[in-house]
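Some structures are shown below for you to check.
In the two complexes below, subunit A is the common chain; its partner is subunit B in one and subunit C in the other.
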Partner chain A sequence: MFGPICGRRDDLLRHAALSAVLLTALALVSFALPRALPGHPAETILFRLGVVPTPEAVRAFTEQAGLDRPLIAQFVAWIGRLAAGDWGQSLRGGEQVAAGLLERLPASLAIGAGGLALGAAMALALGFAAAAGNRPAESVSRGLAFFAQAVPAFVAGLAAIHVFGVELRWIRPFGGGPLERVLLPTALVALYSAGALARLVALETRRAMAMPFFVAARAKGLSLGAAVRGHAGPFGAIALLAALRVEAAWVVGGTAVVEVLFATPGISAWMVDAIGDRDWPVLQAYLLLVGLWLIAVEALSSMALTRLDPRRRP
Partner chain B sequence: MPSAGYRRYLPLALVCALAVAGMWVSDATVHGIDLDRRLAGPSLASPLGTDAVGRDVFARVVAGGGRALAVVALTLAASLAGGVALATLWFASPEALRSPLVRLCDLAIGVPTLLVALVVAGAVGLSPLSAALALAVGGSASVAHLAIGLGRSVLRSPAVRAARAMGGTPVHLVRRHLGPALAPPILLAQGYEAGRVLLAWSALTFLGVGADTSQPDWGAMVFEYRVHLFDAPWLVLGPSAAILVLAFVCAQVTDPRATVSMGDKPL
Partner chain C sequence: MIRRSLLAAAAAIALASPALARDPLVVGQTFIAAGLDPARGSAGWALVSHGVAEKLFTVNQRGRLEPQLAEAATRIDERTWTVTLKAGRKFSDGTPVTARAIAETLARTVTENAAARASAGTVTFEATGDLALRVQGERAIPSVAALLAEWAFAIYRRDGDRTLYTGPWAVESYEADRRLKLVPNAHHPAGGGLPPVEVRRFPDAQALALAAQAGEVDLAFNVPAETLPRLQRGDGITVKSFPVSYQYMAWLNTTRPALADVRVRRAIDLAIDRAELVKTLGGGMPATGAYAPEFPFSGKAARPFDAARAAALLDEAGWRLEGGVRRKDGAALRLEVVAYPQRPDLVTMLPVVRARLTALGIEVATRVSENVSVTAKEGSFDMLMWAQHTAPAGDPAFFPNLFLRSGAANNHARFADPGLDALLDGFGRESDAERRAEIAARAEQRVFEMAPVVYLLTPVWHVAVSRRAAAYTPWGSDYHIVRPDLRPAR
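On to the complex of A and B.
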């Protein structure tokens, strides 16, 4: 988003300033968006809890939750407590948001970040093999890319549950432990991102293989595989890193679907409930985390790109 | 690929015809419950079986198809309109405004599409229109990106410079140069988007935030029927296969190499 991150001092300063602006904007959006939804949490949550939302009950709830204060005061209080590590309380159950996030984050991170990393690793292996002329690798990456475009993740997940849970009885469907709730969804996310990424890696690697330096590498006696990995491969890896930013946005929605399907207690499943409840503190925290995740992926891929790509260095 | 001709559009036409025919299927057939025929297996009367309250799954799948097609068509149309408008704005605006406009598009592309759609669905309810508008946020930004990128190189080309030197009006430039050069790649990219839009709509109805649960949407049906994976596993097959077929048909129409991409020819 801000160009390459390099080691120079003015560059770091520019980045720090831009990051501060970006974080402030992110906090504002996270705070404002839930409040822009029609309906007040006092009404929806009292209703969900089975309490008739009479005006008195709504007023009492609003006052107790501190939602009657001016918006500015609420925002400042939220930011102040965030800095101290207090993310507020869920309006629905009174659960501490910070504790709730800590409890749910490992599963979601494993599914999202783990699945993406696994998918990227598969994409590199498949892409290099396909570029080196391996037909099965080519077919597998084409098949996976097509599959990810035509089959919704929840249908593939249901098929997996049917095969492993109903036919083979290896897993407990819609429940069970980490195997069912984290490992299967992670594998699903990896399979969904691997296909298109592998084709991208193969394409860029092949393009590099047409360049004179690759012919030179082969002429000095390197085997095809070694030449692809050592000389053309970095081009594929650079394309992969750039594409990971887009995948990082996709994976946010992807994890929501698989978490709901596999009944994983993750942050995306929490968010889906919180939208219906208008549980503002939970939604604020979720939006903030998604923003931080996107910024982190952007920064990491940018740093890795400068490392890999000498053309980006000053 | 002119040789493929109209035959490429045949599957899509068939699907559309089926969905249109589905609009004449009475509400009684789609929503009618029949407690005597609960969880009946596939038969001639109901090819995809019946669900837990005896509703005909085939009728529901066909009824859901109209809404799915509407979402795809509306999203693509809105993305196209929004993207062309943004690109026009970019070309019309002074140098200082151009970079912020591109940054804005980058931001719209970078924000998770499904999250935007979930928030919109939570705010105004999930309908084909609200979903299409939410999905078109990122869509129009990518159309704008493509149009700006391609348009710049077209405007720099000798043909356009000559047309300008001869006093070509902006309307002439758009009609004879920009339009013909930009339309094919943009339409191809849009067709490529059709499958993604369909999957996003399925995911939204599967998650069900703000959804009208009385509507037989495919994702909602899969969500509802998934608990019958043990006693009536064929129930999820109907809506799942419907999504798959429509996604495949979309890919077929837009990409002449779609059949090849199944893996019988290397690049």
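On to the complex of A and C.
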């Protein structure tokens, strides 16, 4: 009688224990990785400030930043502050890290998530059309996949600014409104993800089209388009969702190139500056945030896939 | 009908003109203040460059120190000075600039910012009158003007969470890493007729050049040389080039056996063709020494290029040419030349330097170091290409004292020369600017003879301006970008 409840409780406990281990490991990695980079923030930041990094200057900086304490004490203090909602302070300019992340996150999300959503929509349309035998769609998806592999995003971004901002003057990529400013970077992210995703959708849809149920649907008189949408399409969509789980990993923090190029103050561009400065508080907060995002994406996509794909249900 | 149209057009122009005048002048540059508190990091430097903050003393267009918020300075003893403030100067909220206000905030800066303790240790400030400030250093202060012209000593006042400054513009709004909106400071002597300004950050210089082409900025500061032809073709864009004070040089690691011999170092100095480097970078001037030509204490003649003399010096040092390679006791003369990517010009010059040294029979390996501060500190190089502002506060003592004096923390060449040290001691005793320039000239001559460093060139930077900002004249590197002479053209 109590079996299922006990089982659920065990499951919950196991999940809680797993989560605790995962979060601790994530915090440890986030804390350790920046410190594994060559160069100490005191020396790097003093150097950038034009201050002679004498032993006294380095010691004073280190003490002021609390970096002179044993590593374990620094880690515990960081976790304690995190629990209280304090993500620390940038060593470079004294900016509050939590406020800095919050301020920069919307731009990164708009570009990353917006671009990926647009790319996914393009992939579905192109993938289904290509699977249904539409040759232009096949060529476009192949072309986009090739483009993403062959042309660095930086070059494509500069070309896009030149064409749309300088020559045609259709948009103001730097000085326009918020929507105008994220338009090109979002389109760029979409273009770079759409090709490979469309190829995947087409492949899985074609595979489903070879199945007996699809042949039966066609034999019942369904048009090719309707049969693809109704019977083979879901297989392509599930494959897309599985691929998006991997792609979504870089939505937070993987758009540094476009952020730098389009002068968008996102968290990736901030991270690039922080690496140069060895700004440990910013770097460890960034790594923690990206880790949390990955865990959330994994959990949400697993739930969605289980719901959509009956084969995954227990 | 025609008259009515003309009247309507005139009215439209009349209405539009004030609006145009109110439009901010947009300044695009690759950096922006990391915050608005001058005590933090290099924010003080950026805020001065943005036209928001001022200092007690500053360096003018001719490279000379001059009072800014100060009126004059009197030396009391080796460590102590009295600085008199200009009367009538105000912060942007209208409160007067007093010695007491300055003493309070500079004490805070000195406590919180290592850059403010770099030259004279912990400096104390005491108001001895409304406009009289006593300044005392932990170490000697040979020139209080040079000390207080350092960017770390930006003047400000804290009012709760707000920070107020005295510069020609006041901060209207600030978005981290993106833009700073400025309005004229009505309490500044030049504030009345100034336009609003928006300083916008472009982390990528290529994108900055495109923004200038697209008409999105009125002033694009420090655009890459390769973008100049297309900028010059742009409608209404003028490109202005100017020499900057970040000298390019190369440290020779004097602890390496081959480079411990002054003849080898001098040979390397003579083997570098500076004119060729200038051509490679598409601009600049062959270095005359440690200082850019804008400074009154800079050298007047370009460093010589004489490959034959260089070869003779190597022969003299025992490095004979055998099969195209210089050898001594069977060992080849090999050098590793290092540059760093944060200054792309240095990386561009690497192959040219290598070609010249190879032509002399030296085997050269080149490397690009991602973290040059570590490379410099460890001394893991034979020749380290370097960019350095050699007189940031308009004083010649800064560079040789911090980079060439025996045991100095930034002595990347590991050079020790009592003769040079004795000359540099003169800076500690002399506060007169002309005498300090004479000391600098003698020290420079000694450095040329001992060659721990090879001065390469004075680079030029390029500024693209729209018609609105066509009257702007760049100077002062990136220390003074937004200045009161930045006004829209009529």
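Miscellaneous remarks
Note that in this section the second predicted complex is superposed on the first by the 280 of 314 C-alpha atoms of A that agree within 3 Å, B and C clash if a C-alpha of one lies under 4 Å from a C-alpha of the other, contacts with A are read in each partner's own complex, and residues count from 1 in each chain.
Here is the rule we use: a residue touches a chain if its C-beta (ideal position, glycine included) is under 8 Å from a C-beta of that chain, and two chains touch if they have at least 3 such contacts.
Since this is a predicted model, take the numbers as computed values, not measurements.
With both complexes brought onto subunit A, simultaneous placement of subunit B and subunit C is prevented by a clash. Of the two partner chains, subunit C is the only one that A:Arg92 touches; subunit B does not reach it.
Using the contact criterion defined above for the overlaid structures, shared-chain residue A:Val290 touches subunit B, although it does not reach subunit C. With both structures placed on the common chain, the touch criterion links A:Glu138 to subunit B but leaves subunit C unconnected. In the superposition on chain A, A:Asp11 contacts neither subunit B nor subunit C. Of the two partner chains, subunit B and subunit C are each touched by A:Leu158.
In the superposed model, A:Phe146 lies in contact with subunit B only, and not with subunit C. In the superposition on chain A, contact of A:Leu203 is made with subunit B only, not with subunit C. Once chain A of one complex is fitted onto chain A of the other, the partner contacts of A:Arg169 are limited to subunit C, with no touch recorded for subunit B.
Contacts of A:Trp250 after superposition on the shared chain: subunit B is touched, whereas subunit C is not. Overlaying the two complexes on chain A leaves one subunit C stretch of 242-250, 278-286, 440-448 or 458-466 clashing with subunit B, which is 278-286.
In the superposition on the C-alpha atoms of chain A, the part of subunit A touched by subunit B in one complex and by subunit C in the other spans residues 38, 158, 161-162, 165-166, 173-174, 260-261, 272, 276. Contacts from subunit A toward subunit C in the complex involve residues 38-39, 43-54, 57, 60-61, 64, 90, 92-95, 100, 103-104, 158, 161-162, 165-166, 169, 172-175, 260-265, 269-270, 272-273, 276. Touching subunit B in their complex are the following residues of subunit A: 1, 33, 36-38, 135, 138-139, 142-143, 145-146, 149-155, 158, 161-162, 165-166, 173-174, 202-203, 206, 245-246, 249-250, 252-254, 256-257, 260-261, 271-272, 275-276, 290, 294. Chain contact summary for the complex, subunit B toward subunit A: residues 106, 109-115, 118-119, 121-124, 195-196, 199-200, 202-203, 206-207, 209-210, 219, 222-223, 226-227, 229-230, 233, 236, 240, 243-244, 247-248, 251, 261-263, 266-267.
Within the complex formed with subunit A, the subunit C residues making contact are 26, 28, 34-35, 37, 40-43, 112, 114-115, 117-118, 175-178, 200-204, 206-207, 210-211, 213-217, 342, 371, 373-374, 377, 389, 392, 402, 408-410.
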